[in-house]
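Look for chain A in each of the two complexes below; its partner is chain B in the first and chain C in the second.
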Partner chain A sequence: MLEKKICMLGTLAVGKTSLVRRFIEGIYSEDYQTSIGVKVDKKSVREAGQEVKLVLWDIFGEDRFQKVQASYWRGMFGYLLVVDGTRRNTLDEALALNQRVTDTGLKVPAILLVNKADLADQWEIGDDRLAQLTQSGWEIMRTSAKTGENVDAAFSRLTSKMLGK
Partner chain B sequence: MSAGQKLQPSNMAEQAQRRASQENATQNPPVDNSARDGNSSDSHAYEELRHLIVGPEQEGLKEIQERLDDTGRRIDDVSSVVAEAIQKRREQGDNQALSEALAPTIQDTLRESVRRDPHVLADALFPVMGPAIRKSITETLRSMLESFNTALEHSLSWQGLKWRLEAFRTGRPFSEVAMMHSLLFSVEQVFLIHRETGLVLSHVVAPRVATQDPSLVSGMLSAIQQFVKDSFESQRGDNTLDFLEVGELEVWIEQGPGAVLAAVIRGHAPETYRVAMKEALENIQRHYSSALAHFEGDAAPFRPVEDDLTHLLETQFKNDSEKDRRRPRAALIAGAVILALIAIPVGYSVYLLWEWSRFLKVLRQEPGIVVMSYARDGGRYHVQGFRDPLAANPENLLSSAGIDPKTANLELKPFYSFDDPIVLRRANAFLHPPSGVTLSEKDGQLRAEGIATPAFISRFEERAPWIPGVTAVDDSHLQNSEQLELNRLRSSLESTVLLFPIGRAELEPGQENNIAVTQNNIRALLVEAGRLNGKLAIDVIGHTDITGVEGTNLVLSKQRADVIINLLARSGIKPVNLRGRGVGTSEPLHDESTEEGRRFNRSVTFKVAFSPAPPVN
Partner chain C sequence: MMAANSILESFLAAQGYALFEYTGNGVFHPIGGYPKWCQNLWKGALARDKSIRLGEASPLLENFLIDAEGFWNSNREGSANSPVWIERDPSGRDVQLEATALHVDGKNVLLIRNLASTYAERQKLYQAARDSLLEHERLLREIQKKEILLHCIIHDLSQPLTAMRGCFNLMSLQNLSADLRRMVETGERESNRQEQMIRGILQAFSADLAGQQTATETAPSAADIGAAAQRAVQEFSPAFAEKQIKLQIDPAVDVSRDWIVAGDDSRLGRVFGNLLENALRYSPPNTTVTIGLEEKGKQVLAFVDDQGPGLPKDQSPDQMFALFAKGKDKPGKAGLGLYFCKITVERWGGTIEAETRTKGGTRFWFRLPRAAKTSRDDLNKKTQRGQDALPAPQKASKAVTRPRLDKPARSLRVLVAEDTDENRELVSELLKKRGHSVVAVSDGRQALDELEKNQYDVVLMDEQMPRMDGLDATRAIRQKEKSTGKHQLVVALTGNVTEEDKQQRVEAGMDGFVPKPFEMHALFDTLEFLAAGTQVIPASPMPPPPLAAKQRSPEQATQAQSPVPIEDVGAHLLRTTGGNEKLVKSLTKSFLADAPKRLAAIRAALAAKNAAKLDTAAHALKGSVAIFGAQTAVAAAKNLEAMGRSHNLSGADVQFRLLEAAMQQLQIELNKIAPQSKTKMVTRTKAKPPNSGKRRKK
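Here is the complex of A and B:
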């Protein structure tokens, strides 16, 4: 069976952990994230007739006091960049973080998740901004950890991208 | 086919040629030899003819011969059929012969292969041996665990109880708890982790060990490692986490360029285990360097690594360790010494006490000694009480009890003891009985037996009642040495029975001899009594049986006595010494239930009374 390490990246409180909680089967408590900055979970998915075990590194959100340790995303096969649709600055910070990832020479599949789709009326990130990002090559999905919208789909999509489909 | 029968290729060719020329000779007319010698064209024609006729056959033979002579071609020929030949032989069902023929060669080949390079065979056998060894280890462990369990199941040692309590408290099986504590170390899990991605490449677990998902553990372990590395990076920049300790568990981590080896160990493994890990990792790095570099999440190529990892699942028990074996022995010796230090004085005191209590018991049982109190005072014993002067010497008693008389202080005051042995001892001391006389005493009654002079007898009768402790005197078994003849005659007379018929007062016939003996006895008695200067009285007693009326019987019995007295008087015995009396049925000689008994009761008997003259002192 294939195993793939994927990372959840994004700034603080954008809902990464909630997304992961919707998706995974894990054994570690969320305290790990605050203590060492990462928590590892897993989820088996079936994509294009192939069983893939996703080993999910949920990395503690970055803020101006704490930088995400680059070593955590080392060796990942793909990642989900998560932003909070209701907070515009989370997109900017996510893109800055993404820059750091690409600066290390990593070229792996990624999807930009705009979370909190259930609060779409409070969004600060407009469609035009998202369209712009799509044009620059980003694949974007709107998700809601609260309703579960697009959560499984996001992981499936990332898996199929990693498998080159 | 034996070697001698084998056809040699060269022979075959010669024979074929010879046969061909013989055939020519028979098929063609004889040729003049001189003509042939002389005519070369004839000879040529002959050769041509011969060539035409036997040429193709000769070519064939030549080719066969060449083929047989050429070793290279022969090898080619055999090689093309050797596999099929062996196959066919096997199909023919003669495997045994084939195996026997091949076995020595195969054995030699294997031996040679191992000698040249053991790795070739080892590698080939590895996939077979790994699982076999694993299975064997599993079985051994399981049976060991079970025997361990039964062995300890019945152990009631302090440790056993402690472990049992722990098993009860934690809800784990007792065997598991005992195992945990007896283990020196046990490698429970080994992970091979892809260094770059933190994904697990291979994971092995010891039997009966509960585990978490290896992917998660592996990922988290990598994360922790990276966390440690990032957080505490030193100037040298090569900081790696190679040891974690969690309660009874340790995680030993060995880093390679492409892979990380992590062993989860219960207990404390020796440093040599680190070396084993390093070697295993080096081996893996060497064999899988390319697979590690191009790892895309598929762990399948690393499956054989499992056998290497299984070798790292080691278990050692405490009693395997020299150090731990020595410790209990040393503790045992120390314990024994301490125990001896305590036990020797305690034991000695206990022994002394026991010895003393034994002595006191003996003392209390000793006749003529009364123990009133005893006490211990700094190693000396004090006993207070009474002792008859005729009782045993207490110092002798101390010595025979093994006690130093110096350690004992006996205050025994003199008194008269009424204990039987002491009274007897006192009587002997008072009376000095002659050698023919034995004294005995029971509950104050003193008895003398034997033959004694009249002087002793009178002394006995006079003094014995005065002896302290003597309440009664019995000299009935004491015979006067001067009355022996008288006593003999008396017993003889007193055993005489003179018989009468029923209801009659005249003797049964046929007792003349009895009468004569009786008369002689009485005469001798009277003579002996006169010699002793004593007074003799003989009762002549008449008896009847119970038949008839008692009044009549009394009269009849008196009549019978009188008949005998008259009879004796007639023989010259003075009736003054004889007293006749009739007792009827009141003093029967025999049981009346039988006729024989009743017969004896129709009789006359005698009773002798002798009063000796008072002794002359």
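Here is the complex of A and C:
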């Protein structure tokens, strides 16, 4: 079976761990539990007629206590860059992190997930900004770990992109 | 020796460590056996000889071993550390681990630690720190939203002044009787004063909120606090009298002596004003409010005493002076007054406090340092030179009697780019009366098109416009000039007057600016001065407008800003245009023609949940309804603009319905002035929300 490493990247409290939990276990918790370190989970999916084992690296949000090292995304086949739609600064920080990824010469499929779609009326990231990002080449999906909106679809779409479909 | 090793291994195992020796090719041998957690987690990967391929057991170790091998092969001192990582054991429990690669006695050793005993504590610590960080972020966002709202409010307050001053300027060009000229003079003076106040507030708050201080604020000039106290008593006495409260200067104070302190008259007046408004709010009838001054070494102490209930017990003075702080019992307007006092006094090197008096009531006091080497005489000379604090009648008299119909040295070809129809018409009218030729367009894109076709001496460019704003249009002009070598004079017409705004204009390539609301002579002087080529890029060619020393009472101020009842809109227009019926009809027709499009643009922005478009569309409509005094419509448009600007559309549908209703009423009134065709300005959506995307004709 094919095995593909996927990294969840993004700054603090954007919902990376919640998205993974929703995808792996189908559950969501309102309590924010900050992540320390890297958590690795696995899930097999079927995409375009192929069985693929996804190895999900849920990488902590960087802050003054923990720095994300380039070695973490070594060997990854794709990544989900997660931002919190209600906090505009998370997009800037995510794009800076993305720059660090691309600076290493890594060119793998990626999707920008604007999370917390259940709080869309509080979003600080506007349609115009997202439209700009789309124009610059980003594939963007609005997700909600809370309601499950687009969560499976996001992993499925990334898998599909990794398979070159 | 063996016994010592055994003890050490047992100790490490008890501490949650597993030790391995790396023998190459991905194979590890345990040193001292496997701890239980290790067997439990990776038993499937153990070989018969008890060796283990850790890279196959754990994806994270597989990744880390590349770094570890690099370390072992380098002979570097120290160690290589993995991040903390979490694996799930067969029972579904999370196991937190950390790995370290070391050289020990010439062996390549890998130490893996189970963090079970310390992880919970570490997690708690990180959680607390990150919760604080997120809370800090949230508070910053709240402050930013309020700052935006504050700027919107101030910007909106200044918008109608543009039209008011334009009307006064036009009226002053007529042959007026002495009485009418005096009224026009008063109108001009008061609109000047209001503009100065708005600009001062905007600069004070923008500087404070951005943590910046301008040069003038770090080096205050001198002000006569005795005179400021006297003026404050004169101005506020009617308001106090109405509530049967006596306002006085402490009889023991000799106000005629030298009370010169660091500061400036205008803001010092506002500090007293804010403290008196506060005292007025809390003082019961038949009591006395007293302003006092005391010499305190190199400082002057000023206080405002009232005989009210004293300070609230559940609110500290620090809280009262905080931004947006409002009292619980009798809250003021926006929670800005005392905050303004605090930042102003502290900027001048002073302190401000409040306390409950032992005899009952409250004392608000502030100390200011005495101004260095400045006497009252010096100050009088200085203010006369700078015309910064002249009594209003003297100054206004000079302003009105100066020749207003002088022709300019040469007639200029002026391109006016302004999106608000009414402002565009006023500016064009004034410039034409002055003898210049004018072509007017309504956005930056049209301005660029017009410049392609015709030559202009100067472009007067509004900053906020749809399609292309003034800054972008100027950048495009400057970009093109790189190939032509010419220089088109571009002057901004703008309500944005902070240092940051000025810097943006300079960077965009603008040659100068006329602040909105503009004064007719400032407009003429700036354009003609720059067109004469005497100075290429002045930072701000416009001298500050005169500041009248006399201030109105709060009642008068409130009256001046009170909404115009919708049925009086015709009379209001006639008043504000000096009875110019032609101008009233022209403004009304233009408004009635454009308003449906502007309303439709707001509707479309809401339907698309496009905050940026909502901001622009609401701003455009707001600017045009303000001239008709339609305060409900202005307020609703302003709220929609603020929602768009802060990207928070919650409640926007309610505001839109309010706006629609107000616009419909306005249309009815305006149709009486300038009857239109059967076109409806408003097509109400009734029960449907604005984002339904469907319009139903009434």
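The definition used in the following text is that the second predicted complex is superposed on the first by the 150 of 165 C-alpha atoms of A that agree within 3 Å, B and C clash if a C-alpha of one lies under 4 Å from a C-alpha of the other, contacts with A are read in each partner's own complex, and residues count from 1 in each chain.
In the analysis below, a contact is a pair of C-beta atoms (placed from the backbone, for glycine too) under 8 Å apart; a residue touches a chain by one contact, two chains touch by 3 or more.
Everything numeric in this text was worked out from a predicted model, so none of it was measured.
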Winner by number of chain A residues touched, once chain B and chain C are compared: C
Partner chain in contact with A:Asp41 - chain B first, chain C second, else both or neither: both
Partner chain in contact with A:Gly148 - chain B first, chain C second, else both or neither: neither
First (chain B), second (chain C), both or neither touched by A:Arg87: second
On chain A, the residue positions that both chain B and chain C contact, one per complex: 5, 32, 36-41, 55, 57, 69, 71-72, 74-75
In the complex, chain B residues that touch chain A: 194-200, 212-213, 215-216, 219-220, 223-224, 226-227, 229-230, 296-299
Chain A residues touching chain B - in the complex, by the definition given at the top: 1-5, 26-28, 32, 36-42, 52-53, 55, 57, 69, 71-72, 74-77
Chain A to chain C touching residues, read off their complex: 5, 12-13, 32-34, 36-41, 55, 57, 60, 63, 65-66, 69, 71-72, 74-75, 87-89, 121-128
Residue ranges of chain C touching chain A (in the complex, touch as defined): 58-60, 63-64, 66-67, 83-88, 94, 96, 98, 119, 122-123, 126-127, 129-131, 133-134, 137, 141, 608-613, 646-650
